[in-house]
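What follows is a structure written as structure tokens; I'll ask about it next.
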Amino acid sequence: MSEQNLFLVESSPQIRHRDSTSSIMWQVSIALMPAGIWGIWVFGIRSLLVIAVSIASAVGFEYLAARSMKRSTVSDGSAFLTGLLIGYNMPPLVPLFIPVAASAFAILVVKWAFGGLGANWMNPALAGRVFVFFSWTSGMNAWKLPRTIQAADGVSSATVLGSLKTLLMDFSGEASSAVGMLRYHEYPASAIGQQISSWFDRVMQMRISAYTVDLAVGNVPGSIGEVSAVLLIIGGIYLLAKNIITWEIPVTYILSFALLIWAFDGLRFGQGLFSGDAAFHVLSGGLMLGALFMATDMVTSPVTRKGMIVYGIGAGMLTFLIRVYGSLPEGVSMAIIIMNIFVPMINRYMQPKVYGTAARRGSA
Amino acid sequence: MARLLTFRRGGVHPPEKKSLSRGEPISRCPDPETLIIPFAHHLGAPAKPLVSPGDEVKPGDKIGESAGFISAHVHTPMGGKVKEIRSVYLPAGFASPAAVIEADPGSSWSGTDMGEDACASMDPKEMISRVQEAGIVGMGGAAFPAHVKFMIPKGKQAEYLIINGVECEPYLNADNRLMIERTDDVLSGAMYIQKMIGAREVIIGIESNKPESLQAMTQAVSSRRLPLTVRSLKVRYPQGDEKQLIEALLKREVPSGGLPIDIGAVVSNVGTALAVYEALRMGKPLMERVLTISGEAASDPKNVLVKVGTPISHVIEHAGGFSSPPDKVVIGGPMMGFSIYDLSTPVMKGTSGILALTKHQVNQASRTPCISCGRCVQACPMGLNPTKLYKLIDHGNYDEAKQRFLLDCKECGCCSYICVAKIPLVQGMRWGKLMLRKKQS
Amino acid sequence: MLMNVFYAFLSIALLGALLGIGLAVASLKLSVKKDKRISSVEESLPGINCGACGYAGCAAYAEAIVDNAEELTLCSPGGKDTAEALARIMGQEIDFSAIKQVALVHCWGNEETRSSDFRYEGIEDCNAAFIYFSGADTCKYGCLALGSCIRICPVSAITKREDGRIHVDRNICIACEKCVEVCPTKVMQMVPHDSDWYVACNSPDKGAMVRKYCSVGCIGCRICEKKFEDGGFKVDNNLASAQYDRQYSQREGAAEACPPKSIRMIE
Amino acid sequence: MNYLGILITYIFISNLILTHFLGLCPFIGVSKNTESAVGMGFAVTFVMSIASVVTWLVYTYVLIPLDLVYLQTIAFILVIASLVQLVEMIIQKISAPLYKALGIFLPLITTNCAVLGIALMNITSNYSILESFTGGIAAGLGFMLAIVLMANIRERMDLEYVPKPFRGVPMAFISAGLMALAFMAFDRVLLTNLLG
Amino acid sequence: MNHELTKGIFRDNPIFVLLLGLCPALGVSSMVVNALGMGAGVIFVLLGSNIFVSLLKNFIPPKVRIPSYIVIIASFVTIVEMVMEAFMPSLFASLGVFVPLIVVNCIILGRAEAFASRNTLKNSVLDALGMGIGFTLGLSLIALVREFFGSGSITLFPVGNFDGVIRIPVLNNFPARILALAAGALLVMGLLKAFFNWLTDRKERVRI
């Protein structure tokens, strides 16, 4: 019978907030754009190809998986975002089969084996990245110097943290900080970075190394989307302003990590406690990308504010532990997926306090 | 100005949409030809019909007698002939017996003001029995019988009377207009209630988006030197719920499963206060009320005084009909109100608004699986975990849902409103409660 | 070499004997009485610890059966056979054979045959939808076809067919009556396993009303009752119902004569 | 290697379940809900610590003097099996609540290769008796950590619509695989750097 | 075909259906040759213990039957251990702790308790063979998948000139190394089990 003229009846509330799952996914993607564009610019057009391949394969696998379950979920944007993040986590010169494999693992195994969007308990993009990282380690080390650095041939294009880890292996005590060690071994810095650094020194009387400036701007080798800390922060602020992410996870993550670095990182260079270079570490590696865009992935982070704080602090501590003491140069992706394992437990024990139950102790 | 008061946890802020009808003075809705007066106006036992088909009734006659403790009398606002007693669906979705009355045109209840002195000489007991006789229920929406609330149980002491002028639902202006146009009567009603329950202090809570009400109330209180406090509250839904209002004003929490009186508070709506005033001063039963017709598909949003039992379609006609075909017609506010399909559904004692919403307002994005964003958890004013509860109910685990305080959910709608996956969480909670009841029986 | 072999045998034998004696003594001294039926009940259960019964595992369910007289039909993987085995152990009667009942949906309405009052959006479950005006169909007694019964059926005997109707496979149904309990419109009712014809309608509304909203609803015309003496149909409250006390000969005739074709062969 | 090192090793770095696949049967079987998982974790820790000590004693004071090292498998499994039964009986006798909490898991532990595994590993690593004891406790705690995390994940998954072929055991295995993937961050280098 | 022999291969496959003996299934499945070696060991122990248990079933008092079974099994395991150490030291080294752990392999104790102790010698032998072969096949399947993708090779026994390793072009250069590691074992097991579930589910549906 004709349905057109009938009224709609549904449960209260009769109005809904305008945010929806897909709008959130697309907004996050938009917030990631500036950092990605920067990455493509500094590393060349091949990075765009890497990102495109990641997205295309992620969306393609999502389509296949959803179709086999007789659902259609491509339009919710989650697969696009996963692909985008996988692309951002790839080194610029990565062989193209690697992002495809990462997408396949992320979408088919991490996400759809559990039932698709919302059911996965581990961040698909990060799990995909870790999967390919351990599988094809050399392919995942295909770094490239950004175009903003003029350097002679043969200069290392390893990432800042990777070089640091290698140098520390045969550390002979000639440097007293991370920056000092990089400088001693003539790790390349951009001309702009050096100028800004000296301007800070002259005008503001602030000692900010050229490396730190480069890390903030994005004049360093690294994964395509993670190099420009400033642009990532801008994206993060956009998401915060739009109320898509809340402050708890990024702030506790970065703060706890920075505090631990400040307290203990100096020990590696024979210095005392509280002498670590927090700014350098916070800006380096994928920390900004991780803290603002990956740790805050809604599906795999706790639902309560208390839980989010625990989660953020845990991720900060693990990142510190892995980065400073572990054999891997970077710790962000591992730290976040380890915390993902704990999320169901955090959600179980970090429940909100129910109204009106304060008086009746023990009944909860 | 002092920092605005509000409750602690949860809450949302939907678009207010009050301006559609804010400035419209209360007008009287013309009488309908047929009245459909349901015998149930709230959950609990429906009233026992006192009339049968063919009976003649006069305006103000009691046609339904309260049956059971939580029940209120039902009166007819117009005279006429009872055509039939049949079952009708109420906006809330369940069916109730109702009297269909062919109304005599122009027949209206009339009474005289007995004056302040007559009221002053009554003792609280008599006042409560008059309230009961007038069939007054809470006018905020839940329509809980007022006399039950005003009878303070033994061993309890009412310290505070809170007059609820919050009206936190979007679109609605009925209470707002009452506070502006009938300021003195509302205040007198509040003073009567205070006398009935023996409260030490009376506080009127009004959200700050109703500056005219706030001003009118404050002025009247100071000019009449009444022992009342008017408090301005931050705009936040569901502040009009008694538990949140108590939390906002008194910083106390009603214990889980308990009543406000357990912590010495009684909350009463401004509409109820006015009904109490009219019942005590004029002996007028509760048989008409002010409601807001609004919504983007309503051609002439306004606030009207409508007789209980008037079909919705009649009220809408009075307001100029629909400007465009509505997608949804809502009885009450958009957050807790009910969408209906049949425009002959009658206006009830608790009906605070009629909204005609277009497709655009309904905001139907497609449903996705829960992405655990946690917004519902942060929005829940009761501190529940709606997504967990919903999943438990969806998987048939009602007992665990109950252990997680499912029964404390009062279906305010914050969780569903904010849900990005567009999951009907409130419906899930109602479903869970239904299944729990089924299991018990 | 030989000595080594001898040592090996000796030590293992000694160790074995020692531990064996120790355990034997301990089991005598420390034995705690346990209801023997628990272990035999546990053996009869499939042992896959699926938890479908609502207990932590087969052992827990077995304990609940013996200690708390829990229902015997909760084990869905085991199905009928298990329930029978349990009944034997517990000395209880679950008589499946004599008058085995099966669930049956007494409604043949679907989107094509009946009208709606409104567009419903929300949870796809009969009980959840029933809260709002008893469902979107104008007929308030029919099958909502949103699958509360499908979800609750422990043996997956109930499915939704392509045409939108709910179908109970009577060879799988174990007559636990959970679907009957959960159905909000009470359209799911038990009938004997070997019955053939039934009245596929549940609406007590007057014929004129039924005709308006459903093309296959019983209109209470009484043709089946009056014209077919041995049809075994009875009309009460505007609704025909089939008698199942014995075999009737004129059922097919009545079915053919039924104006809205509400009398149907059970599939 | 000091005791803290042993603890960290068996809890994080070479977790018996996630890197050695020992004790998978109970890990998959008893991780359906958190309460049972915690109970199982305690039971395993308890048995492992005692078994480590007893097998060490048997090895050092019986098998070595008699030159019967090749009989260690038989000897150990006999000792463990009897030990588990004995422990079960003792618990049943002395404390009903404890038996309710741990007892039902004990029979499962007899065939838990993790217990025999840690006993054999203790011998291979040339641990002293105290180190063996620590190793036993650490391995048990590692088992407990893995199984409790898994139980929480599975409880969450119970409320999702997991595709039918993946429901239950496959999903648990894939989850365990993802856990192992994440735990690869904890390696020996981290331990050496941390403890010097 | 004899049912006792064939049931273990697919319908009651110990690894994918009964979920028994998982620890070695994952622990030694990084190379096909290990899987085959382990399988041979398990078949031997299974055969031996089933024969003994079946023969002795009337002499073992029920109270001590489990310890007796364990002793029988452990003896065979020790034999396997010694033989392997003597003749195949490299295999023994790569199987490591999993050889003695055959003792607690649930398949063996499970078959002894559930089958051999109640059945005739002939059936017990067939059961042992079937279960053993099923176990070996399951194990080899896991190993095949893991080695194929994780190392890009298939390692068998060296025969003559052939060193026993089949190298897969392309994959050999870019193996998904993770599959050869611990995490990969669990993932492959999960995926294969899901695949088996899907197969059985489909078969059942076809039957209906």
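Note that the chains take the letters A, B, C, D and E in the order they are written out, and that residue 1 is the start of every chain.
Keep in mind that, in the parts below, a contact is a pair of C-beta atoms (placed from the backbone, for glycine too) under 8 Å apart; a residue touches a chain by one contact, two chains touch by 3 or more.
Just so you know, these numbers come straight off a predicted model, no measurement behind them.
Common neighbours of chain A and chain D (chains touching each): B, C, E.
Considering the contact criterion stated above, the chains in touch with chain D and with chain E alike are A, C.
Most remote from chain E, judged by the distance between CA-atom centroids, is B. With every chain reduced to the mean of its CA atoms, the largest distance from chain C is reached by A. When the interfaces A-C and B-C are ranked by how many C-beta pairs touch across them, B-C comes first. Averaged C-alpha coordinates give centres for chain C and chain D that are 42 Å from one another.
Mean C-alpha position of chain A lies 42 Å from that of chain E. Remark: chain A and chain B have CA centroids separated by 49 Å (rounded to whole angstrom). For the pair chain B and chain E, the distance between mean C-alpha positions equals 70 Å. The residues of chain E that reach two or more other chains are 67, 71, 178, 181, 183, 187, 190-191, 194, listed in rising order.
Residues of chain B found to touch two or more other chains are 338, 340-341, 364, 369, 388, 394, 424, 427, 430. Residues of chain A in contact with at least two other chains: 6-11, 109, 113, 115, 118-119, 131, 134, 347. Chains touching one another, given as pairs, are A-B, A-C, A-D, A-E, B-C, B-D, C-D, C-E, D-E. Listing the residues of chain A that touch chain B in their complex gives 5-24, 73, 76, 78, 115-119, 246, 298-305, 308, 347, 351-360. Interface residues of chain D facing chain C in the complex, by the touch rule stated above, are 29, 32-33, 36, 62, 66-68, 71, 74-75, 78-79, 82, 85-86, 89-90, 92-93, 104, 168.
Listed in rising order, the residues of chain C touching chain B in the complex are 117-118, 121-123, 125, 127-128, 130-134, 151-152, 181-182.
Interface residues of chain E, counted against chain C in their complex, comprise 63-64, 67, 71.
Chain A contributes residues 95, 97, 101, 109, 113, 131, 134-137, 139 to its touches with chain E in the complex.
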